[in-house]
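The structure under discussion appears below in the form of structure tokens.
Letters A, B, C and D name the chains as they come in the text, with residue numbers starting at 1 for each one.
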């Protein structure tokens, strides 16, 4: 059976986590290649619908990461995002969508190592959880 | 085959793309399946559903003349989801086409009559189809007058054909732009279509008038035509409504009890006057 | 075809279901689901809901599903390949369909086989047989008798069952399809003798004159006052159109991913503003009273003029589920009396 | 009921308002919304347990606004909705007259929205027993069971949008579902389309929904969609101490933030 390669989508903020990931690269730190990074101006811009679309397009795991509190380039983007994720995560949990597959983090531009650890951790966890078939099986249902 | 599934479009390859005006393009489409191309025929005034697979379908007329075989042309403005996707297509790509749908301009029954075409802005394509059809059967008609206006010179579509028409001796072409829309070397008229029509005042004797344009232009042109003596049953126009199927089934394009996709899009003014105010 | 009158014992329903399922047909029947009743696939009569007046949703989705594939397509580089969908649908028997719903299939068919033939719909309809169930009782929302139907009307049913005193069923075999169903298990259908069917049917007096209503409607088009008054409390949702067995309007949507996609047909409603909104922003039916007018005019005037069939079977579903209690029957009676 | 009719007659006769939005006799022992414009028609107004619909949904409807300044019969849920609409600058003092109805069907007159705020702050809000039972049942389920429960519910959804149409706080002129560039939420009522629609609706009402329950009542196929709003309202109060529909200038939970917002899942 071909080894399951998890598809992980990472929505990251341009000023901190994306720069952090750059740092990971320039410091030659190896990390799981399963992550597909999508750069957005700020975690405040990461709409919950982006996460739905990620699952819809076949993602098995999602990472959302941005600047630490008080570091936000736009001063309050991450504070708004924090509240949004608290509410969205409880909605997903209430609906039974697997919140173990959605990771939220603060990774600053200096934390290259943390980014690598995070991605490796997520890749490993999702590897254990396997593909998110529960959501993928919804795709064809309801179409006669 | 597509007859079995009435929603299945022909596959068309884009052979040529012309940038007519800002946001307006003309496509020349060839049938991917030659067989289907040969059997395909339509009449002036009919429309089709053009689909971009993955985006949806949109409705506009077939802009080329039925006398020109082997291809069809369409002109559209980039405005919504599907037309934006269409505008991003390149030569050689595949789009879908369903049709021909709707009723026609009864060109055959206008033998020995004169034809007056009045168009505004992007509404020239439905009439261009009839114009070229009439010009290919030029000897059947008395004189042909075309009055075409747009907001600015850049907004005029089919500029290359306007040139060609203006050089022909067997038709009278008046192009105009709204006041302020002219460019320094603009030789045509300056003024709104209804005023230019009144100034030109073509005779309504044994003449059919075809009018297509934005609602405001239609509203101001019809009284002028009436003043010039054009009878409502000799004044033709096309109606536009939101459409999805084009086959008289999806139920959304009706004006009163008439389906624009089946009983139209071509209507005489006489018919329009009977329609309830729902368009 | 001459209607044959048979008797079907209450006890032999189980056997009938078995034989029908064994013949490769699926059975759809009303099934209780909380406070609602939906048509679901069943194997035995025990699952079928009892003692109810009407189901929540109609059986329309058996022949005109809420979301249906028109065709699929694959992208190969710049090329597109269209793949037709397979049309051999599993033969279906709808059991327990009320006479009004059975009549609604002819309204749907009138649209789908007018001028262009919709093969998708016609194939589903062809593969569908109806074992109707007459109405023993009706509620204040029912008005089938006012639109040409009746609690025991056989039009649209292949076999019409009417439960009689003993609990057994008077079975009227109406069409060839009905005969085919009987032929699967003829031993269950005994001679009926004389049964007074009328005795077991709900009593439902006519509420308004349909012909007068259809003739009066065109004249009321511009009576904006009437349409505003009726639709002030309408919220503009699509529930009435989607539960209605005779509503046919649909939307066509494309959904694609990188390697291909599908063109879907799904239910739509004239109650929505998007239904007629032009890309330019112009909307011929801008406000709710114009849409309510369209709903009434289409069903009771345009539909009839164009296809000779009324677009309503009087099942009362739209009024039962309306969140704003828009009672269609009440409005029709008000229109019939308007200007009297 | 008599007090209400008397007050309504006064308001209409004095031209203080042009229309009374209240409840009247509906079909089969339901109540329905009535728009009383003539003083002599006030006897149509009724006030009993059958009057449940949230009348505030009509405050922003163009055809009702065209009738002129309204007076609205307002039970506690409607009062909360009015406060939430005021917080979202959809209605202002002086644009409407609020005819409050206490939980025991008594008429209360409010000179202004501030008075409504003070009155509402004294009321307690309870879920219905059915909701409590269902919420408990869902609480006991594990994740996979909850997923199965909601998927079965959403498989019934026919995308009729009665939940949106009956919600007074769903007043966007063009809903996200009606935007197709890009088409975020699939239009078709298939399984994914239904799930994403109900998630988007719940999220766009998070911190705004006042738990009137009308969306659940309006659903023709009986999906308990109002539970989503209730669950998020509970979560927001627990996490941020904010309750929608309690203040004239209320704070929108997702529009504001605090340094010390607590969470236990961000790494």
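Definition applied: contacts are C-beta pairs under 8 Å (C-beta built on N, C-alpha and C of every residue); 3 or more make two chains touch, one makes a residue touch a chain.
Because the structure is a prediction, the values reported are computed rather than measured.
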Result of counting contacting C-beta pairs for A-C and A-D, higher pair: A-D
CA centroid of subunit A to CA centroid of subunit D, Å: 34
Whole-Å gap separating subunit A and subunit C, where each centre is the average of the chain's CA atoms: 46
Between subunit A and subunit B, centroid-to-centroid distance (C-alpha), Å: 50
CA centroid of subunit B to CA centroid of subunit C, Å: 40
In subunit B, residues with contacts to at least two other chains: 56, 80
Multi-partner residues of subunit D (each touching 2 or more other chains): 188-190, 193
Subunit A: positions in contact with at least two other chains: 142-143
Listing of all chain pairs that touch each other, if any do: A-C, A-D, B-C, B-D, C-D
Complex contacts: residues of subunit D adjacent to subunit B: 180-181, 183
Subunit A contact footprint on subunit C (complex, rising order): 61, 65, 67-69, 257, 262, 264
Of all residues in subunit A, those that touch subunit C in their complex: 57, 142-144
Touching residues on subunit C, where the partner in the complex is subunit D: 33-36, 38, 56-57, 66-67, 139-141, 228, 231-233, 235-239, 241-243, 251, 253, 255, 264, 266-267, 269, 272-274, 287-289, 319, 321, 323-325, 327, 330
Sites on subunit B touched by subunit C in the complex: 4-9, 11, 51-57, 79-80, 83, 92-94, 96, 215, 240-242, 244-245, 247-257, 262, 276-279
